[in-house]
Every structure is written in C-alpha cells, then in structure tokens.
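Take a look at the structures listed below.
In the two assemblies presented below, subunit A is common to both, partnered first by subunit B and then by subunit C.
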Partner chain A sequence: MDLFLQQVINGIMIGSVYSLVALGLTIIYGILGVPNFAHGSLYMLGAYFSFLLVSAGGVNYWLAILISMAALTVIGMLIERIVFRPLVNAPHLNSFIAAIGLIYVIDNVALIVWGPDFKRFPPLYDQLYHFLGVTITLHRIIIVITAIALIVLLELFIKKTAIGSAIEATAQDRVGARLSGINVTRVDMWTLGLGTSLAAAAGALIGPILLVYPAMGGAVTLKAFVIIILGGMGSIPGAILGGFILGLIESLGGAYLTSNYHEVLAFGLLVTVLAIKPTGLFGKAH
Partner chain B sequence: MKTKMIILITGFLVLLLAAPGFASDTISIGFTGPLSGGAAKYGNNNLKGIQHAIDEINAAGGIAVAGKQYTFKLTALDDKYKPAETVANARRLMSTMSPKPIAIFCPHSGGILAMERFNETEGFLMHGYTDNVAVLKQGNKLVVKAPMSMAFYNSGPVDMGWERGYRKAVLLCGSHEAGKMAEKIFQFQWKEKGGEILEVASIDFKSVTDFYPYLTKALSKSPDCIYLYGPSEPSAMIVSQARELGFKGGFLLGSQCKMDEMAKITPMEALNNTVGVCPVGMMPLPLMQTYSASYKAKFGADAIPTSESAFNYEVMYIFAEAMKKSGTVTDPYKIREVIKDVIPVGEHAIRGMKKLTPEGQFISGYFAIQILDNKFTDPINIDPGPWYDKYGATWLPE
Partner chain C sequence: MNKSLLRPGFLIPAVIVLVAVAAPLFSENRYLHHLMIMACIWGIAATALNLVMGYAGQVNLAHGAFFGIGAYTSGLLMLKLGIGFWIALPLACLTAALFGLLIGMPSLRTKGAYFAIGTLCFNVIVTVIIDRWEDLTEGQRGLLGIPSPSPIPLPFGLTIHFDNNMITTYYLFLAMLLVTLFITRRIVTSLTGKNFRAVKGNEELAASIGINPFRTKLIAFVTSTFFAGLAGGLYASYIGFLSPDISDFHVTFEVLIQVMFGGLGTMAGPIIGATFLPMISETLHALAAYRMVTYGIMLIVVIIFLPSGIMGGLKLLWAKRTKAKS
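After this line comes the complex of A and B, so read on.
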C-alpha cells in the first residue's frame, strides 16, 4: 500500500463531502448573514431520509438522494420562514441563538423519532478497486464524482438562472438588489432551501460508508465552520477549496505528523491563515 | 372570586399535606447518564436494566421492609456524559425527589468520581457502571460497581491473541477517558508478554467522520493485530474499513466493544479472527437465557440485552434485597453493609455476582469469545479469582 497516495485519495474523498457541506453553509451566510449552526443537523436529516427510503422503503439509492434533497429544500425554506425571517430586524445575536436552538430541536426530534441506535445502510457499491498501491471502494469514487458534479451544477445554477442571478446580486449588495426589484425575502427563502439541499446531498452520499445516528451532524458542523472561515465567510470558491484543503490536511497530517491531534492541525491551519489574511483566503474586506 | 381562590388554596394545601403520605411508601432511585448525543444509546442501555428490574419488582407488589410495603420510583436525568452536569443532576435529584433518592446510578467514571465528593454527606448509595478502578480508590463507603477491572477484562483477549501468535499490535482507541486508560493498560499487558506496539492512535469518536486516514497509517506498519476500545458501532466500522484496506490479521477488543452489536453493523466474514468479551446474551448462564427472553419481550424482539442492562438489573435487585435485610430504606450505610450477605440474589443473579470486595467491587462470572470461520466460537470461561488474588480490585499499571 502506498501511504502517501492512499492518504491523498482519502483526503480528496472526505474533502469533497466537506466542500459540499461548507458550500451550503457559506451561501446561507452570504445571503442571510446567519451562521446556521444547525447545518450539520440538516445533514443528519438528509442521511436519515435517504437511509429510511433505501432500507425500509426499498427505494433506489439515487432516487432516495433526490427525494431527501427535495424534502430538505422544503424544510430549509420552512426554517427560513418560521425561524429566521421573524428575526430579520432583531439584533444579530437573536438569529445566532435561534440557530443554536435549532440544533437541539432537530437532534432531539431525531432522537425521539428514530431512537439513539446507530444505523447502517444495506450494502450498495462495495466493489473494491486497487491501482498504484491504492485501495478504494466504488462508493467512495461515486461520492467524489457526485460531489464535484453538484458543485458544478450549483455554479451553473447561480450563473445561468434568474433565481441564481438574484441570489448572487443579493449576496453582493442587498439594498442594491432590492432597489433593482429583486424580492430579497424570497431570495432568503430560496437560499436556505438550496443550502440545506446541499447538506442533505452530503449526508445522503456519505451515509452508506459511515453510521447514521442523531448526533452525527456535530462533527461536520464544526468542520464546515472551520472551512468557511478559512475560505472567507460567504465565499463559494473559498468553501470548495477550503473543504479539500481540510480533508487533505487531516489525512496527510495524520499520516506524517500525528494522528492523535488531527483537530489541532485543522485549527492550527485556521489560526495561521487568519493571522496572515484575517478575512480568509477569498474573503473581501468590508 | 375570593371564595374560589380560598377553595383553590385549601385544595392545594391538602394536596401538599397528603403528598408525603403517599410518598412515604415509595423508594426513590435516581439515574444520571448520557441520554442524548453520541452516547445516548449507552446511557439508555444502562437505564433499561434498572427500569426493567423496578418494573418487575413493582409488578410483584414491591418489597416489604420492616413490615411495610414499598414500591420503587425511578427518575432519570440526562448529563450528556459530563461530570459537571452529573453533579447538577445529583443535586437536582436530591432536592426534587420525594422521598430523597436512596441510590443513584451513573454509568461513567467521571460522573461517579464527581459525586463521590458529596454522596457520603448527602447520604446516597451509588452504583458506578464503569470498569475504571479509580472510583474505588477514593475509599468511598457508599459506592459499589459491577463491571470488573478493565485490566482483568483485557487480560482475556490479550492472552488469547498471544496464543493465536499475534506479536505486532496497533492500538486504535477512543480519546475518551476510558479509551486513554485502555491504551495504557493494553500497552503494559502486551509489552509484558514480549509483544511489540507499532502505533498508538486515539480517535475522537465525536469528531472523526472517516477512519480511512487512521487505518491507512496504522496498516502501513504491517501489524498482525489491532486492539480496539470504543463504542461498538464505530468500532465495527473500523473493522469493516480495515478489511476493505486489505488487513488480514486479528482484532483484540476492549470491553466497550460488544461483539453482538458489532455483528449487526459488520458482516461476520469481516469480523473473523476477532477476540473479545462474550456478549451477555450468549453467556452460557441459565438465568441469563431467561433474562434475555424477558428483555426481548419487554423492549422488542430485536433488542439486544447488553452488559449495561444486565449488570444494572442485577444491582437493582441487590439494592432491593439489601434494603429488606437491613430493615431500612433511609440509611445507606446499613444497606451497604449487608450487600455482601444478600448476594447472589437467587434467580435474579443473571450475571452471577457472588462476591463483594471491601472496596465495593462485585466479582461475577466472565467469558471471552472469538469469531472464527464466520461464526462465534463457544464462550471461554475465565475465572476472575486468580487475577483478583494477584492484582486486587484497584490495580492499574504505574
């Protein structure tokens, strides 16, 4: 087994999932200015929905991913409508606290409904491939390809559709967007739906190689925040690149430095970047 | 309006006065442990054992102590595995339950150690469900624990792994307190036998998403066995992923890894050459089989009785018997004193707790088991007697 190459592959695989989660988080932050701490909990819901559809409903895996993305889009939009919209004019701290409260609500509802047990997907794409001293399962290849495809699709959506342009315009200048006739309230709702569907996709993609359980979102939320701060809050390329950087740092740092403190590596990187460029890699100074 | 108010207040006062009358016939039992978050399942397994015993006792009409009939009432609070919350919960149980709880169950050493600072003065017994002997080292007079020493549990898999010819070991343990202790104990035991430790990696199960990076590094050193200590399901994922990466050697499991729970997650082919503690449901103890059946009847056909539920179930019965014998439901010292005389508790001695050391350690039966050729071998009976004679109840390396 080739240690270096295998760790690079490991890092890219997990990095593609991190990117997807961070991407959703960063566009939500870019538009609403809310750090959605419950993003990981929504990722957990995405994993659960697709797990239930596949294992109990016998639904095709790909269809299950689409259904969970659609369901989470609706849930995301509802969250905007019910939780964040009433707080638009309130002090910033309020939506902060609301986002933290959401974690408790979602995680505990999941705990009550599905119980504390760990769930595992039935075997899907378990075939193993060996090349150049590297081992990889088919599912891991699928994760990377699908994640990249979704990232490209998101980019196209933002650049080529009317809604996408409205989102981009609102992110650049909320008042200006409103002056030119964009309904920014509706943009808020669309953005939360869109960002949440990306979290759902990430959860549904990685679910089969991990365990599905109510607290699974916590680890991902933490990492997604490291990534978007690293890449620059609200920056799309920052989130994509940041995700892959974090994935690679974790796997290569673990291999050559120490695997006992891989969290330290991630946060060490964050501190270093912020010391040199306080707005993050792609962040713009205001 | 005024009359209504007076009636209401009077009614309330009557209720207040009447309440102690009802309460005096109940005995309160408290539980504080993780009921949410990643360890929720573990906490719930513990709780189920206590609940099971209490429901059975109450259904049979309760217990008679000094000529009076009592039933049990259980209140469980979530401490999220955090000692600080355990302390707050214990205080809350003491101040809100009526009567005050005579015993509090807690399934983690951090919480137990924290409560040991005040349980003697506040006057409650504790059952500490932990294999960490530190809780017995404080000289606390009101703590007992059913799980035996982690070092003893480890010695089974260590000996059997050694006999299988494994020499080069890699450790992948959780970074929680018990995981750290398991690391220390295993290294001591393995080196004492003359074995080699190639890599020690601790994994924070709360923040790690994928085990590939850890395994890639560990397997690059070509170990012939991997020692695991962590929750069953993530440990099972480590086994699966290690096999994907081409690992052919064996797994030695610390006591936190439950092999039947692991077999639910990971196929038996992947679990081949695994040595660990025998799952309670498979222990060749006749009473255990009865318990297993009643557990499934109560909690569902696919519920697996675990050591957590079984030990706590038996300890609950032991406490009840000790109250009967001591003739008190309020003096924890008297109750503690007679515990050694009431064990084993007849048909409820499902884990066979037959002896209590002066420090508060219950000695029970112990079995190890292996998975070979895609199935569980027969359980291997290991008598804790000689080990405890040699090392005692509170031994730790260094």
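After this line comes the complex of A and C, so read on.
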C-alpha cells in the first residue's frame, strides 16, 4: 500500500510536468498545425537557463523560472518568424523536417556551449515530509502546485484576454478568424511563444529533480506527442488529462508490471489505444 | 507518346546508370567506394519509404524499425544458425514484410498525424526490444562478425567473391538497387500505383470509385517494409556489425530527410537524397563540433527554399526553360 501511494504521488508529480509540456505542444499544433518536434529541445533550454541563473548567477529560483520562461517566449517567437512562417502554406511534413533541423541546431549548440556532462542544481527545497508512509520532498509538492497554477493561468489567459480570445478563435477557424479582423500571423507568433514558455517552465521545474543535459528533451518530446494523440490533437483538456494519465501509468507500471521495459509503456499504450480506437481516447470521428 | 531513345525520360536515367556502373573503375579510392556502397543501401531504403509516403501518402515513421528488423534477421540467421547469405537475405525481407503486415493492419486504420506518431511509437518499441532482449540480440554489445555475402559461382570454375572486395560488393548492391527501382517503377505505373495516388489524394473519393483504401495502403506499406528489410539485410552483411541504434527512429528521420531533400513522390529524388546527403554530412566532418549545427541549418534552408526538394527545383528550372523557348 505504501509503495502504491508513493508511486501514485510520483506519477502525479511527473504527470504534472508532462501536462505542461503537452499543453504547449497541443496549442502550437492546434494553431499552426505544426508537429513541433523541437519542443523537447526548448524544454531543455528552459532547464539550462534556470540552472545557470540559479547556480552561476545566484538568482532566486522563482525569478530564474520567470526569466527562462520569458527568454524562451522570445526564442519561440523567433522560431515562428524565421522557420515556421515561410512554411505556413507548405505541407505539414515540411514543417516536421524543419523541426528536425531545429533539434540538430539547438541540441548541438547546447552541446558546444555547455558540454555533454550532466548538471545538477544546487539543493533548493530538500525538506522531507512523511505522511501515510509516503516520503516526499518539498520540491515535488512545489512542482505539482506550480504546474497546476500555470495550467489555470493559461486557461484564464485564453478565456479572459484579447490575445487569448484571438488564439481560441484561430484554433477553431483560421479563415473565419482572419475574416473577422484577427491577424492570424501574429497569433501564430504569440502561440509559439506561449507554448514554448510552458515547455521552459516544465524544464525549469523538473530540472532540480532530474539532471540537466543537452539530450534531455528527446524522450520528453516523444511522450508529449503520445499524450496529445491520446488526448486528441489540439485539445487542451485532453493534453492535461493525458499528461497525468501517462505519468500515473509510467510510475505504477514501472513498479508493478515491468521495470525493464517501463520507458516503452507510453508507446505501447498509444499503439494499443490506436489499434482499438484509431482517433485516440477523446478524438472525434473524422 | 515519344518512344525515341533520346527522350529525356529515358536518356537521363540511362546516363546516370552508366556513370554509376563505370565510376568505381576510374578511382582506387576505398573511401569513395564506401560512400557509393552506402548510397546504394540508403537508396533502397529511401525508395521504399518514398513508395508508401510519396505515392500512397502515408507518413510511416517506423521505417528505421523495419530496416533494423531486416538487418537483425539476416545477421542472426547467418551468425547463430549458420544460414548462407542468399537464403538469409530473402528471409530478412520477408520477416520485415511480415512485421509490416502485422503493424500495418492496426495502424493503417488511423490517419495523418495519428498514423505518423503511432508508427513512431512502434519504432521506439522495436529499438528497446532489440536493446533489452540480450539472449537473442546481444543487446548493447551488438552482433559482431556478420559474414559478407557468399561467393557466386560462375561457369568455367570462376567465382565472384565479396569479402574484402568493395568493387564486387558495390556492383552487387547497385544491382539490388536497380531491381528495387525497377519493381517500384512497375508498381507506380501500374493500376495499383494509380490507386496509391487516388488514395493519397482523397480516401473517400477513391472509395467512391471502387478502390479499397485500406487494402491499397496496406499493399504500399507491406511492399515498402519488404524493401526496408532488403536494405537492412545488405547493411548487415556489408558493415558486419549491428547494434540496436541501427533500428532507432533517428534512422527513420535520416531516410525521411533523404526522401524530402531529393524530392518526395519522384523516382530520382530518394536516390539523389541518399547519395548526396551522406556525402554532405561526411564533408561537414571538417567543422567538427559545428557539423550537426550546420547540417540542421542546411535542412531548414533547403526545406524553406526548395519545398519539393532538388527534383522540384529542377522541374521548376526545366519549366522556366521550356517557357522561355516557346
């Protein structure tokens, strides 16, 4: 029972990070239709920026998260402007290839600048809490709370602000949005910035628990794609729910089913779901 | 129709084949021979991916897995069971095609991004299984010492040997590539090939004129995996060593990039991509750490300015020239 509870808590923790990453990916897909495979590389940059600010710059952790989110917003917008905008009328496959090119560029620049070795954050919130036989560090609690807060903030941003409404309108009907005077090109740019900042937040939050290294984004990208396919491409609730489901399945499956193959549980799950329901768990029929 | 032997559709491929056949005779450079052998292997893999992706419109992101399945099947058959190359190679193709059938049946019911990511997940699973099933595959240690293709006996007591002979290996692989291209061309120009394009264009419309979209996609998919297995089997015998990385999704991405770089949905495009991209990548070794950064930037620039690849660019040039003439 203790093991079960411990795994549930771990699953929720990692699931909240997955949700953030998948959320960013799904809004980008919903607006631009771009399968942004470089999303995990931007998550890696977010982790590195906050690591450098905290360890070398001595900046407060929360301020570091905000700065790296802001920096990645700008980088995301630049990527939209330079790479994805020229491809807006090309087949999505072309954007996919461009995203692979971006992975090569970003991951290898990180490798050149910061080297291949694993970086560890200085101790931050290491206090241990025990309850019901479960042990949890303060940082893990902070991750879950911050992730949920960011998800709520995103929801408020989309529902309450003018930019958010423009994003929602464009997601529903790009041509209609343009006809009603929305500058969809600017919406594309904002969306890539917004989605990328979520990836940065996820990287900055999980960085102190995992290690920070140039290739840390690869597996995360794949899992985020599994989540948004399970939840229905472009669906925000699907991405949030899918993130937590995947976190729980990985952590419980790793403990009870198989430890040797636990990292493929996500992929096996998706293949199985698609075999039974070709449009994903929450997807509508075509 | 113009049946003359001088028409461009015949003349250009004929010249290219002639150059490919004659090239190794003019150079003793073993490194060049190596690049040309690899171009044949990737050429087969890219042609196979182009069949399912360029003609039937299905973005199969498990291509590396089928390449790996072919490579490991022939490698294991030769190493562990002592089966000869000429039996192991067809078995490798058939095994890859069998997995293609098993994976294609459930996954081809999905569409678009769902199909792409679903097959990508299958690719990851295959690589992890090859990595972990150490009793069979030796895992990370890899399969060492896979033999070269067995000699071919000729009349009058002559034999063609392939071990340590890069020229004969090159001609063998070139022949395999030409066979692959010939069969692909026959499929693409047949009624089945027309069905591929109909399904690529619009599945519902294709179904309304009596084409079975699922069956059509499955034919393209299984044929593609058969040739992916062929490329893998040849790779195993040429390199002589296999590790789980050879089935990795990065292999899928490389072949995909080759197809897009050369020109999706054209016969020559995949060959152009498979020949020149590895050469560019090798040339960039001089840049050391900046190699992959440059490669990535080049990909982005090419895809933005030549969205239909080299072949698309050539067609555009050709159209401009004929327009200027008339």
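Quick note on the criterion: the second predicted complex is superposed on the first by the 279 of 286 C-alpha atoms of A that agree within 3 Å, B and C clash if a C-alpha of one lies under 4 Å from a C-alpha of the other, contacts with A are read in each partner's own complex, and residues count from 1 in each chain.
In this section, contacts are C-beta pairs under 8 Å (C-beta built on N, C-alpha and C of every residue); 3 or more make two chains touch, one makes a residue touch a chain.
Being a predicted model, the structure only gives us computed values, none of them experimental.
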Which of subunit B and subunit C A:271 touches, first, second, both or neither: second
Contacts of A:209 with subunit B and subunit C, given as first, second, both or neither: first
First, second, both or neither for A:98, with subunit B first and subunit C second: second
Which of subunit B and subunit C A:222 touches, first, second, both or neither: both
Which superposed partner A:133 touches (first subunit B, second subunit C, both, neither): neither
A:111 touches, of subunit B and subunit C: first, second, both or neither? both
First, second, both or neither for A:176, with subunit B first and subunit C second: neither
First (subunit B), second (subunit C), both or neither touched by A:122: neither
Subunit B versus subunit C as contact partner of A:10, first or second or both or neither: first
Doubly contacted subunit A residues - partners subunit C and subunit B: 107-108, 111, 222, 260, 263
Residue numbers on subunit A that touch subunit C, as the complex places them: 29, 35, 83, 86-87, 90-94, 97-98, 100-105, 107-109, 111-112, 222, 225-226, 229, 233, 260-261, 263-264, 266-268, 270-271, 274-275, 278-280, 283, 286
Of subunit B, residues touching subunit A in the complex: 36-38, 40-41, 43-44, 175, 200-202, 204, 206-210, 212-214, 216-217, 219-220, 233-234, 237, 244-246, 264-265
List of subunit A residues in touch with subunit B within their complex: 1, 3, 6-7, 10-11, 13-14, 17, 107-108, 111, 116-118, 120, 128, 135, 137, 206, 209-211, 213-215, 218-220, 222-223, 250-251, 254-255, 259-260, 262-263
Interfacial residue positions of subunit C with respect to subunit A in the complex: 59, 106-107, 109-111, 113-114, 116-118, 120-122, 124-125, 128, 132, 253, 256-257, 260, 264, 289-293, 295-300, 303-304, 307
